[in-house]
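Got some structures for you, see below.
Okay, so subunit A shows up in both of these, paired with subunit B first and subunit C after.
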Partner chain A sequence: MNKISSRQLYFFLACVAPVGKLVYLPSLLVSSAKNDLLFPAALQYLVQAGAIFCVLLLAKRGMNFFELLENTFGRIAASILIGIFSLFLFYSALLPLLEQKLFVQSAFYDTLPSLVAFSPFFLFAVYLCAKPLSSMGRVWDIIAPLAIAGYIGIMLLSVGTADFGALRPVGAAGGSGFWKGTMSAMSWFFDAALLLPLLGKFQYKKGMAAKGALAYLLGGAAVIFFLATFYGIFAELSQNQLFAFTKTSKYFAGITVLGRIDYLFIFTLALVMAFYCALPIQAGIDCIVQAAGPKKYLRPALGIVLCALYFALTDLLDYRFTEVVRAISGTVVWIFPVFCLLVPVLCLLLRRRRREIS
Partner chain B sequence: MKFRNFIKTVPMKLYILLAIIVLFAFFSNDFGLVDIQKTAIILAAAIDKTENGYSLTAQIAVPKGSDRTTGGTSSVEIEAEGATVSDCVTRIYSKTGWVPKFVFCNLILLGEDAAEEDVMRSLNYFLRNEYMPDSCLLAVSEGKAGEMLSSQSALDDASSLAITKLFSDAAVKSGKVLPTTLREFSIGCFGVSESSHLPFIRSATQKGEQSGAGGSGGGNTGEEEQKIYSAEETAIFSRGKMVALLPREQTFAYSLLLGKVFSGTFTAKDGEEPVTLTVLENKGGVSLKFEPAPVVKLSLNLLVRLCCRGTSAPIDDVVSDHVPDNVLENAESVLSGYISDLFATVKQSGSDLFFLKRTLYRSSLKKYALWKDSFLPSLRADITAEVKTKK
Partner chain C sequence: MKNVTNDLPKTVEALKKLLPAEDILTFEFLTEKGLTFTVVFADPITDKELLGEQVVRALRRFDGPPTAEEVGKHIASPEMKREKSLEKLAAEVLAGNPVLLWEGMDEGVVAGTKKVFTRAISEPSTDVAVKGPREGFIEDVKTNTSLVRRRFKTGELRIEMVEVGRRSKTFVAVCYLEGTSKAEAVEEVKRKLGEIEIDIVPDASYLTHFLSSRPYSLVKQVGTTEKPDIFCAKIAEGRVGLIVDGSPIALTVPYLLIEDFQSSEDYFVPPYRATFTRLLRLFALIVAIYLPAFYVAGQLFKLQLFPVKLLLTIAGSIRDIPFSPSLEMLLVLLVLEVLNEASIRMPKYVGMALSVVGALVLGETAVSAGFVSTPAIIIIAFSGIGLYAVPNLIEQTSVLRLAMLLVAGSVGTYGIILVTGFVLFYLVTTENFGTPLLAPFSPMIGRDLRDSVFKYNLGSLPTRPRTLKSPNKRRLK
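Our next item is the complex of A and B:
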């Protein structure tokens, strides 16, 4: 069985996980936290880094997520719990898929029918779902440098336009703005939950929990710098800029002469995002496979069914994106802290030693 | 060693494959599916206020046939009226059968009537339109914007192309024009200062023989008046409404205060004779102080050289670009006068062109809460203009 190396895991946390926060989240943060948008994001990163620290500590026990649950609750209860957890992962995949679809449609293929523009993603996702989750380690090795190149390229073209003074005065949005921003951002921070199905697929090494949390914070620093640049460029208009990372670089002076060279970096990040968007589906399927045991056609079959479902959902919800965001990051946002913060912390209370199976 | 192992684990073939995918995606953006026969590529739009709403004039690029091989851009202007700008766009679609595409729109002209009411109403459609580039230039037109856009340029194929040329980098550095994009204007208007500025376009009939300028709308034979455009004046806005017009001297003074000028010229006097000076270095500054009454410090620090005298001069003087002290003193007095007039115009108009409210807001929320409604009317200016020449 392929193992994910610690390096690959750090790559995921530092380079791949941040890309999902560059599309719709910046404008959403501005809508509630205004120029204080950095603070809710920073808080989310700190809390999530803590949860990641807890998940990585669980890796010391050398068991996968299902085994951890089974060790404490028994097979039937563990199957039910992991089933509920996989449902959460499938649920958390919806928002990134919808934003990805709208972004691809709006930024790249505005003259193509939306159904055609994004449908190849689902074929790609089915392929990824058919592969074992541990194979993602190699993928992260490849896409992490692409994410870095894409990010640096976009930032180099963007920073010069930004007026960072727009971020002042600190605290203008007040406590309520900060709180609203923190709550609305929660649906984009489920990286700790994504790590739980990876347990047992990598070996714990000394200091891994701290290094993993630091790698995640490093990615967080990159996201926060992007948010600052984004607000520096658009200020009061930021709320209206739905697909943030496609917008910031177009004011670079050389673009009038060279054309939209920034698209090269935008496409690079979009490619990384495609892997990131498929990950919750893959992780959810892996949870089911952990409970059901290795069955030959289970992964591809689940992949086909789920991707068909997402295909239908993204098409149905095409014009209801704001309602979906309002529901997921508003009404039922509590689901995210429960699964992404509470579950990792509570997992530390699970039985440490392997139970003797009679 | 670890790094070497890492490099070995990364399959180069996959890298190459990914690179090919990215490059393919890059170079096939939209897969070229912009059907020129069904799409109206709008180069510029003009918005005017009408009794029942708005009138939108769209300047649409037309593919040139093989019989006209002069190169350049042909265009046709289509006008439509409606209750909102969106209505006008829909009517253009129904009139022409072409889908109006704003992706390449590089200029929005606002008529004087539209500028005098809340312009954000006119611009609402463009701010909402995801496919409208917010780097598009905005300007106010003298009279009706539609007429300005439909006029025949003496210098270019399309009026919009001639107008956007007024906003070149070189023109900005001259300090004579202050171009503003949709993004910059909107940030100014939506910010705490609620103020912004736009260039004001005037047109003048080109005197002399009127031969075709390259065939805008097809083979002009001199029956239509040809125009040349200027943008040396600047319209200033408060709460979305045009409240005053800065003449060319004040536009230049504002450019100097922003520190944008390089190689721009202005004229001082040597006794009674005019002397034109070139700006080599421009440091401008606007700062707000409370001592305890509010004072805005408008400061200029210029390095200049002599560009041209209005009188004949001996050859020793021609080879030198040194500026005599009396001319420097006069230059300081001229510029102080420009800035003083600029401050008076801005204060009288109620606009916050210097973004002082924003400065105050960014510096202290407490002070902002205390002063925001009262400090602009009681504001005093402390003007300093220092002009030096090369030693």
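Our next item is the complex of A and C:
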């Protein structure tokens, strides 16, 4: 498979990555930052865009993530470091998976479905994991327009019913609300970390770092507009509207006549989200493959083991989603800034010139 | 013995040993000067009238020195050639070309007087155009290549004949425009054809298996057409074409999925109309694949998908149906597939009766008997028609529709979404002859999108599709 092109990367940052932030995050932000929900999200986007800028600058060196580490620390230390990083990626995959499972159960089924309903996702994920990560570039070419269509469709049906006045008075949640919102949102922003395993799979082009960060901010602007619309529709009731993008459009006047036409757009976004949720697992596996070298059955074998594990975990934690969110976004939330912000910045300090490795 | 010798009886005997079949005949004739010629020929496929006219009559008065060169000059056949190898002479006899041998000569002369069975050139029933040329390929490779040659009055058009099939020795014409088709693609086609180890090639479709990078895939990887105008247009874009003797279907590589959404007529009507019809084909195909599945998933798992009034209508129709929605839909789909299959194979005069039986007896009676509901029949009928909006993809899309239906009945809408994801990923990772199947959408090639689902006017398409990596980029100066 060919390398990922810069356009595909921008598509991912601007169109695919934002979709993961439209499900549970809006209500979570409302619960901590109330009507000031836009500010923690904006801050997260700004900081994450900075981290993405750093990662894309690393692409100038023409090495993949493992080679970058190996170049500075040697093979053994690099293997350990990349192993730890892949563990983080597997960890970061858990929340989106649980979130998606609940979203699927709520949005696509009238009654609580059996275990079977979400399990095909893991087959899908195994299939994706068995393929090289660079093949995702072409997927982004296809799903980015779908994400745009889905987003525009949902927004067209939603904006008319939103009262943006509900966002006032600005700053009502105060500093503590802003801080709580920022911390709780942290576990949804790991896009810079997702880019690290992609290093070496795309060629650096002039201005790519700035364009990439800008593309990410563009996606962020769309998410912030959605958050504003979401709060504009539900105001203080927003924190109870768990799967935001399935809820905002249901008050559109035409729905009584036409049926839930908004589901067309929800399906489209669900398809994009299925690819997005599998990406951290794919990226984690790719890190291991980078360290272990290309071995024929390594990717599918790891994919099967990990997806079986996630299948068990999502089933066990099905009714404990709130506790999981509280744990991940509370006690151990520092893990995310360490791997998503600190690691990309520190990577800039890695040795620039290629060292002769015996 | 491997070659022709001066000893005529021995040569004829050796040739007969190579060709022991009863329909391989020999006859002798004398010239006025008393020289004896022996002709070996395959009775059913040799044009004996032509043989008599161009060979026997021409040589009756032959009085020159009996060398192959002199004999050759007297034979009035443009396809005449000389050959020493007995095996090659045997192959010529089997191809319908008689072999001429005479005493004292160590080579034979091949007279190109084979009998060519052809039907008239007519419009192909699978690719009808309201506007545009109506010619279609037939089963004869020579006629087909002549249809191509007529459209390219340039020496750049190369038609290379390759033999495929150990026993059938089928001629495959590899057609391409030198300097326009990518040289690597031409070489790869020839290499793949050379590697084919098959007994016979009854039809061009046999070759698609060998030309595909994923031969067991459900997805089509080689383009097909029965129309010379489409074939030539594809070659002019930089593709390589294959015409197989005995088949009216020509193949083109590299193939892009979007090709099957384009029709030759799109280029003869205004671009906005072409864009509209292409979008319509895409819409029809999506509806054909997804409508039955979503109908079943909606009924089983998410009733909110239906508007309230429609839901009430559906509820009224399915009230007394003894089957589950998925089983009911599968049943109707199965009936449609059987009717479709039977109507293709059935003699034409029974076809009308079959339509009546299919539409009235099976449809109307099944509804009134309460076996199936009216909405199910409407949905399958619409889906069945929709599939034919893109006729070249029927084999693939009908299987996909069935898969969607099965998934919808067991997992619901999320299953449909995931299968879509599977299919998308599979499609974007499929390449053949170095060309991605889903181009120009993935990888996205902006300029090529002008002739994809959208159709710009001719002036806006000055270059050949970038996807095909043609060395000759401009087609419009």
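What we mean here is this: the second predicted complex is superposed on the first by the 353 of 358 C-alpha atoms of A that agree within 3 Å, B and C clash if a C-alpha of one lies under 4 Å from a C-alpha of the other, contacts with A are read in each partner's own complex, and residues count from 1 in each chain.
Just so we're on the same page, a contact is a pair of C-beta atoms (placed from the backbone, for glycine too) under 8 Å apart; a residue touches a chain by one contact, two chains touch by 3 or more.
Because the structure is predicted, anything quoted here is derived from the model rather than measured.
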- request: State whether A:P169 touches subunit B only (first), subunit C only (second), both chains, or neither.
  value: first
Message: Let me test your reading of the model: by the given contact rule, A:V324 touches which partner, first (subunit B), second (subunit C), both or neither?
response: neither
- prompt: What is the contact status of A:F108 with respect to subunit B (first) and subunit C (second): first, second, both, or neither?
  reply: both
Message: By the touch definition at the top of the document, which applies to A:V116: first (subunit B), second (subunit C), both, or neither?
response: second
- request: For A:A301, select first, second, both or neither according to whether it touches subunit B, subunit C, the two together, or no partner.
  value: neither
Message: With both complexes overlaid on chain A, does A:Y251 touch subunit B (first), subunit C (second), both or neither?
response: first
Message: Touch test for A:F267: subunit B only (first), subunit C only (second), both, or neither?
response: both
- request: Go through the superposed model and pick first if A:D141 touches only subunit B, second if only subunit C, both, or neither.
  value: both
- prompt: A:F124 contacts which: subunit B (first), subunit C (second), both, neither?
  reply: second
Overlap of the subunit B and subunit C footprints on subunit A, listed as residue numbers: 7, 108-110, 138, 141-142, 260, 263, 267, 270-271
- prompt: For subunit A, which residues are in contact with subunit C within the complex?
  reply: 1-2, 5, 7-8, 104, 108-110, 113, 116-118, 120-121, 123-124, 127-128, 131, 135, 137-139, 141-143, 256-260, 263, 267, 270-271, 274-275
- request: Note which residues of subunit B are touching subunit A in the complex, please.
  value: 2, 6, 9-11, 14-15, 18, 21-22, 25-26, 29-31, 33-34, 103, 127-128, 130-131, 133-135, 183, 186-187, 190-191, 361-365, 368
For the subunit A and subunit B complex, residues of the former touching the latter: 7, 106, 108-112, 138, 141-142, 146, 165, 168-169, 171-172, 234-237, 240, 242, 250-251, 260, 263-264, 267-268, 270-271
- line: In the complex, subunit C touches subunit A at residues 301-308, 310, 407, 410-418, 420-422, 424-425, 428-429, 436, 438, 441-444
